[in-house]
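Take a look at the structure set out below.
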Amino acid sequence: MIEYLALIILIIISLSIALCMIRVYKGPSTPDRVMALDTIAVNVLAFIVILSIVLGTEMFFDAVLVIAVIAFVGTVAISKYLMKGDIIE
Amino acid sequence: MINNLAVYPILIPLVAAIIQLFFAKNTFVQRVLSVVSSALILIAVVFLYIDVRTNGIQVYWMSDWVAPFGITIVADLLACFMLFLSALASLAMSAYAMVDIDANREKYFHFPLFQLLLMGINGAFLTGDIFNLFVMYEVMLMASYVLLAHGSEARQLRGSLHYVMINLFASTFFLFGIGLIYGITGTLNMADIAVAVQNADPDTQGLLTAVSMMLFVVFGVKTALVPLFFWMPDAYPQPPVATAAMFAAIMTKVGVYSITRTFTLMFPGDEFTLTVIKIVAVASMLIGVLGAIAQTNFRRLLAFHSVSQVGFMVLGVGFFSPMGLAGSIYFVMHHSMIKSSLFLCSGIAERLTGNRDIKKMGGIIEKHPFYSALFLIAAFSLAGLPPFSGFFGKLILLFAGAELNEYIFLAAILVGGFLTLFSMVKIWQMAYWGKREPEFNKVKVGSFIWGIIILVGMSMVLAIFVQPVYDMVLEAAEQLLDPSQYINAVLRK
Amino acid sequence: MFSVLWVVFIPFIFAALTPLIQKFIGEDRIGLWGVIAALLSFGGVLSLAGYGLGDEPLYVIYEWAPTFGLTLGFYIDGLSWLFAFLISGIGVLINLYAYWYLHKPDPFGRFFAYLLFFMGSMLGLVLSSNLIILIIFWELTTISSFLLIGYWSHTERARYGAVKSILVTSVGGLAMIGGAVILTVITGTAEFPELIKKAAFIQEHALFFPILLLLMLGAFSKSAQSPFHIWLPDAMEAPTPVSAFLHSSTMVKAGVFLIARVHPIFSGREEWILLIASIGLITMVLGAYYALRKVDLKAILAYSTVSQLGLMIMALGFADVLGAKATAFHIMNHAAFKGMLFLVVGIIDHETGTRDISRLSGLRFTMPKTAVLAFIGAFASAGIPLFNGFLSKELIFEAAYDQIGVASWMAVFPVFAVVGSILTFTYSMKIFFRVFYGEEAKELPKHPHDPPFGMLFSPGLLAAVTVIVGILPFIAERFVNAATAAITQQPADFYLTIWHGFTPALWMSVVTVAIGIVLYSRKALLEVLHSKPPFGLTVNAMYDWWYPNIMLGAEKLIGVFQSQKIRFYFMYILGMVVVLCGWVLIRDGHFRFIPHDLMHAETYEYLGALAFILATIGVALFRSRLAKVISLGVVGYMLCATFIVLRAPDLALTQLLVDIVTVILFVLVIYFLPQLKEVKESLSVKIRDLAVAGLTGAFVTVFVLAVYAHRHTTSVAEYFLDNAYELAGGTNVVNVILVDFRTFDTLGEIIVLAIAGLGVYALVRMGVAHKKKKDSSI
Amino acid sequence: MIGLLAIIIGFLVGTGTYLILKKTAFKVALGLVLYGQAANLLIITMGGVKLGEPPIILREAGISYSDPLVQALILTAIVIGFGVTSYLLVLVYRAYQAHDSDSVDLFEEVDDK
Amino acid sequence: MISLILHRVTRVIIHILLIFSIFLLLKGHNEPGGGFIAGLMASVSIVLVYLTYDIETVKRFMPISYPAMIALGLFFATGMGLGGVVLGYPFLTQTFDYFQIPLVGEIELATALIFDIGVFLTVVGATLLIISSIGEGS
C-alpha cells in the first residue's frame, strides 16, 4: 500500500520539478526563476526521502540533510547578485 | 624492503613542490630545490633504467594492492626513456629559469607549479592504469594551464583561454573513452584491458576499435596532430620561455607516449587504426611545417614545428615495426632536446632584441657567435641535416619505411625535412645574419646558455653514439611489440 | 690507417680550435693557422700517394652504426686520391690567397673556420667508402658552403645566394638520402666495394631506375646541372677565394665525383646514358650560352663552370673508358685553370673595385702580371693548344665522336659538344680581351695596380701547372690512369700526348676555334645572342616566384583552418571523433546496438528525465545569463537525483555541493562580466550549430547504447566489494576505494584542486599587480 | 532505464555542443560544464543500472551492490572537473578584464608584438 | 548592504554546518561522506559567511592563509604515504586497526583518516582560495 502511495508521490514530485522547469523557463522575472530553483531543491529533497522509503535504505539521508542546510547558499548568492550589491564584500 | 625506484620520479617533484609551497617567501630555496629535484630524478631514472634492463619490467603496486585492483606503476624501457627526457629537460629548464623568471612569477608559485607539472608528466609516463593516466594528465594540464597564464599578460590570457577550453573538452572525451572501455572490459588496468581486448569476441572488438579511435583523437589533441592542433601555436609561445620550452619539449611527447602505449599495448596493430595513424602523421608532418613556414614570430614558428615533428614520431608508431617504433622513440629523444634548446635560443634572441618577430631581429652572429653556433646546430639538427641527431632520427624512419616498402611515406619524410630546413634557414638568415653593427639590449648571454649547452651536447651524444642508442631504443621497441612481457609483469602470470 | 683519419679530421679540429687560437695569435694572423691546417692535410694526402697512384687501393673501416650500413670507411683509389689531392692542394693555395685577400672589418676567424670546415668535409666526402657517410659529408659541404656564401651576410645578395644554394642543393641531397636508404635496404650494404660486387643484382632490380634517379638528383643539384644550375651564379656573392675553391674547383665537382663513384655500379644500363649524358649535354650548352650573355666577370665564370661541369658529366654518361679518362683529365685541368681564373677575377675585383666587364678595359697597362695569368686561364678555358684545357677537351670530343658508333641518334653529342665549345671559346676570349685590351678604363672605383706577391702566388702556381701540363701532358698520365681505372674498374694504361694525328676530334677543335673567332669578331652575331632571352619562363624566375609564394601560400592555407575561432577547432575535434568512431561502428555494424530492457523504467523516472532534459535544453535556450546559470543549477540537482536513483549516495552529496559552489562561481563571474550584447546569429549558423549538436548527441547516445549492450560480465569492482571490509576496514566501499585502493588517484585529484586554487589566486593577484603598475605608470 | 539515461547523456552532449559553438566565453564554459556532467553520467551507466544496494557493506549475505568503482571514478572526475572549471571561469573573467571582451575568438595580433 | 536575517541565521547555523562537516569527515570510511564531501561542506559554509559579512571581517575572524592550508593538506596526504615508504611498504599504503578504549568501546583507527584530513584541508583551502580571490579581485 505504502509502496503505491510512494510511487504516486514520486510521480507528483517529478511532475512538479518539470513544472518548476517551466517556471524557470517562463520567468517572467529573475526572482521567479530563483524561487523555482529553490523549489526544485526542496522537491529533490522530498524526492530523495520518498525514494529512501521505497528502497528501504537510510544511506541517502545525509544527502537530504545537506540539501536542507546548504542548498539555500546558492540562492543567497543569486539574491545578492540580484540586489546588485557586491556578492562578497 | 621493497624497491621504490619506480615511484621516485613521481615522488621527488611532489615532495619538492610541497616543500617549496612551505617556503613560499624564500625564492632562493625554491630555485635550488628545483635544480636539485631535477637532478635527483635524473639519477633515479638512470638507476631505474639499469634495474629494468637487468630485472625486466618493474611493477610497483601503489598502496600495496595487487594489479589489476590497485593502481600499478609500471616502468618499462619506453617509460624510462621518457622519464629520462623529462628529467633532462627539466634540469635544463630549471637552470634557465634561475635567471629567467621574474620576481613576480617566482612569488606566485612558479617553481612549485613547475614541479607539479613534472610530477604529472612523470606520472603519465609511469602509470599502468588508464584512469590514473587521466588523473596524471589532469595534474599536468592543470599545472600547465596555470603556468601558461602565469603573469596575467593580456595576450597570455587569450592564448590560454583556448588552451584550457580545448583541453578540458578533450579531457571529457578521455573520460568518455575510459567509461566506455570500463563498460566493455570491466577493468581499468592497462595490462588487464589488453588481456580483455585479446579475449573479446569479434563484435566487441569492433566496438573496442571505435573506442580506441576516440582515445586516439584525445591524445591527438593533446599532442597537437593535424587537424586537432590549432589551439597550440597560439598557446605554447605565450609563457616565459623556460615554461614554453618544457611544454614543447615534453608535454607534446606525453601525447605521443600515450598513443604509443595505447596502440601497442591495449589495441595493438589493427590495420585500420594503423592506416589512420599514418595518414594523420603525414598530414601533421606537412601541414605543421607549412604553418611554420608562414610564421615570422620566432616562438610561433617553433610551436608549429612541433606539430610537424610530432608527425614524424607518430609515423614511426604507425609503421608498427621494431625499427619504426625505435625510430619514433629516437626521434622523441632527439626532438625533446633540440626543440627545447631552440625555444631557449628564441628566449635569448628575444631578450637581445626586445622582439619576437624575426623580421625585426638581425646580426646576432656578429656579437654572439658562440650562441649563434649553438642555435645553428640545433636548427640544422631539427631540419635533419647530418651529422646531427635529427638526421639519424629521420634515417631510422626512412629505413623503417623502406623495409616495409612504404615509399610514399619515405617521400613525405623527405619533403617534410626539406620544408623544415626551409623555415630554419629563414630564421637564421633573418635573425642571425644581417646588420653588420647590430645594437642589442645588454644581456649576459653566458648565464643563459648553460641549459642550451646541456641539451645540444646531449643531442650530439645521441648522434655520435647512434648505434648504441639505437640498440637501446630497439630493445624498448621490441618490448613494446611484445605486449605479453608487460602483461605478464603486471599481472604476475 | 691513421693518416686517413688525419687527413680528414685535421681540418675539422683546426676549424674548431680557431676561436681559441685567434685569442692567442690575434685575428690578423689567423690565416696562417688555416694555411698550416691545409698543409698538414696536404701532407697527409701526399703520404697516401702510394695507394692513390698504385694498383692496390687502401680500404679501412671503422664500425659506426652497422644497422644502417654506416661504417666510417675510407677507400683510397685513383679517383678519390686525385680528388683529395686537388682539394688539399688547392686548399693550401686558397688559404694563402685568402690571408691577403680579407680585410677589415670582416671577421677573419670565422672565415677560416668555415673554410677549414669545408675542406675537411670535402676530403671526407671523396675519401669515404660508404654511400651514407658520403652523404653526411656531402651535407656538411652544403652547410659550409651556405655559411661561406653568406659570409658577408649584411648584404641582401649574399643572403639570397646562400639561401638559394642551400635550398636547391638540399633538394638533391634529400633525394640522395632516399635513394641511398632504398639501395642499402635492398642490398644490405652501403659500402662502395660491396655495392660494386652486387652491381648485376642492382641493375636487375625493379627499383633500379628510382634509385639511380634519386642519387643523380643529388649529383646534379650539387654539380649545378640544369635545371638545378640556378644556385651557382648566385653563390658568387661569396668572397672570391670561396668561389674559386668551392664553386669552381672542388665542391661543385662532388656531383661529378659521385657519378664517377657509382659508375661501376649503375653504368650497365641504357637509362644511365640517357639520363646522365643528356643532362650533361643540355647543361653544357645552356651554361655556355648564359656565360656569353653575362657582363659580371664572376657570373661569366660561374656559368662557365656550369657548362664545364656539364661537359664532364656528359663524358661520364657515355659509360666507356674513353669518357672516364677524359673526365678524369678534365677534372684536373678545370680545377687548375678555373680556380686560377677565379683568383684572377678576385684580384681584378680587389684592385679595381668592380667586376663589370663593360666598365673594365685596358688593364694590361696597369696590371701586366695579372694580364699574363688571365691570358693563360682564358686560353686554357677556350681549349687552345699548348694549354691543358685543349688536351682534355680533345679527349671529350673523341669520346663523343665514338658514340656515333653506338647509336646513330647519339650524333647529337658530338654536334652539340662542338656548339657548346664554340660558345665557350667566345666567352673565354671576351674575358681576356674585353678586360685587358682596348682603351684604358677610367672612373674605376679604385686605382688599379698589380696586387702583392701573396695574392699572385696562388694563381701563378696554378697557371704554371696549366701551361706545363698543356705542353708536357705525360706528367698527368699516372693520375689520369689511376683515376680511370678506379672509375671503370678496369686497368687503364694510356699515354697523353699533344699530337695524336688528324683525328675527328682535331677537326672538331679546328671547327670550334674557327667559328669561335668569327663569332667573336662579328659584333652583330654577338648582339643576336645577347638580345633575345630564349624562354620567358626561366628556372630562376620559377625559384624567385616560388620562394615568397610558398610562404604566402602556406599562410593562406593555415589561415583557412587556423581561424583563431575556437568553435571551428571544436568542430574539427568532434568531426574527427564522429567520423573515425562512426566509421568503425558502421563498418562493423552487424552487432547489437540495443540493450534489452531499453526503456524499462518507472513513470516518475520518465518524468524526472523529462525535467532533466528540459533543464539541459534550458541552459542553451535561455536568453538571460542568470537564467542559464539557474538552469545549470537545476541540471546539477537533477544529476544529484539521478545519482540517488542509481544508488550512489556519495556521488549525490558531492554533486550537490559542487553544484552549489559552481553556481556561486558562475554568479560571481557574471557579476564581473559585462551585460551580454545579444549577438545576432544568422539562421544558417543556427542550423549548422543545431545540426552539429544533434549529430554529436545522437552519436553519443548510440555509442553508449551499443557499448551497454556489450557490457562486461565480470569486473574488478567485485573485488572491492568482497574485500573492502576485511582488508581495508571500511564499509563505505566508495570511500575505501578513494582513500585506500586507489589513493593515488585521490592524491592526484587534490593536487589538481590545489593547483587550481593556487592558479586562481596567482591569476587574480598578478592581474591586480599589473593593474596597479599600469595605473601608476599613467 | 538505460535508454532514458542514454538519451539524457545525448541531450547533455548535444546541448553542450550547441553551447561551445557560441562566440562568448561564458557560454562555452557552460557548455563544457554540461559535457563534464555527461561524462559523469556516462561513466556511472557503464557500471550498470539498478543492480542493487548502495555500495555500503551491510555485512549480510546475498545482497548485491551497485558498482562502487565507477562511483569512485566519478567522484574523482567531479573534483577535477570542478577545479578546472573554476579556473576556466576565472580565466574568462580575467581575459575579459584584459581585453574588454567576452569573445572567445583571438584577436589578430594577440601574439605578435 | 547587510541583511539582518541572514546575519542572525548565519551566526547560528555556521557552527552546525562546520560540525556537520567534521562529522561527515569522520564517518566517511563507513558511511557516505569523506574528506572531499566534508571539505566542500565546510567550504560552502564558510562561503555563506563570506556572503553574509565582508572579506575583512572574515579575515579578522579566521586569519588563515589558504595557500598554507593547501600546502598543509598536501603535506598530510603525501606525508601519510611517505610514512609507509619509510616503514618499508609501498607509497600510500594504508593500514587500520581496532582499539579498545575505556568508556567508548571498540573504535577503528585507520591511517586513511589522516589521508582524508589531508584531502579535507586541501579542498577547503583550494575552494576558499578560489572564491575569496574572485571576491577580492573586484
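Labels A, B, C, D and E are assigned to the chains in the order they are written; within every chain, residues are numbered from 1.
The rule is short, and it goes like this: a residue touches a chain if its C-beta (ideal position, glycine included) is under 8 Å from a C-beta of that chain, and two chains touch if they have at least 3 such contacts.
Remember, predicted model here, so these are calculated numbers, not experimental data.
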| item | value |
| --- | --- |
| Contact-graph distance - origin chain A, target chain D | 1 |
| Shared chain contacts [chain A and chain B, defined touch] | C, D, E |
| Most central chain, judged by mean C-alpha position against the global CA mean | B |
| Of C-D and C-E, whichever chain pair has more C-beta contact pairs | C-D |
| Centroid-based (C-alpha) most distant chain relative to chain D | C |
| Greatest separation from chain A - chain, by CA centre | C |
| Chain B and chain E, separation of their C-alpha mean positions in angstrom | 37 |
| Distance between chain centroids, defined by C-alpha means - chain D, chain E (Å) | 24 |
| Inter-chain centre distance, chain A versus chain E - centres from mean C-alpha coordinates, in Å | 26 |
| Touching two or more other chains - residue numbers and ranges from chain C | 564, 566, 570, 605, 629, 645, 647, 649-650, 653-654, 657-658, 660-661, 664-665, 668-672, 700, 704, 707-708, 711, 715-717, 720, 731-732, 734, 738, 740-746, 748-753, 755-761, 763-765, 767 |
| Residues of chain D engaged with two or more neighbouring chains | 20, 28, 38, 40, 42, 45-47, 53-54, 56, 69-70, 73, 75-76, 79-80, 83-87, 90-94, 98, 104, 106-107, 110 |
| Touching two or more other chains - residues of chain B | 14, 62-63, 109, 131, 135, 138, 142, 145-146, 149, 152-153, 162, 165, 169, 176, 180, 182-183, 188, 234 |
| Contact pairs between chains, per stated definition | A-C, A-D, A-E, B-C, B-D, B-E, C-D, C-E, D-E |
| Chain A contact footprint on chain E (complex, rising order) | 1, 6, 13, 16-17, 20, 24, 31-33, 41, 44-45, 47-48, 50-51, 53-55, 131-132, 134-135, 138 |
| Parts of chain D lying in touch with chain C, wherever the complex brings them together | 1-15, 17-24, 26-28, 30, 33-34, 37-38, 40-42, 44-59, 65-76, 78-80, 82-87, 89-94, 96-98, 102, 104-107, 110 |
| Residue ranges of chain A touching chain D (in the complex, touch as defined) | 57, 59-60 |
| Chain C contact footprint on chain A (complex, rising order) | 7, 10-11, 13-15, 17-18, 20-22, 24-25, 27, 30, 33-34, 36-37, 40-41, 44, 47-48, 51, 55, 59-60, 62-63, 66-67, 70-71, 73-74, 77-78, 81-82, 87-88 |
| Chain B residues touching chain D - in the complex, by the definition given at the top | 131, 134-135, 138, 141-142, 145-146, 149, 152-155, 157-162, 164-165, 168-169, 171-172, 175-176, 178-180, 182-183, 188, 234, 237-238, 296-297, 300, 355-357 |
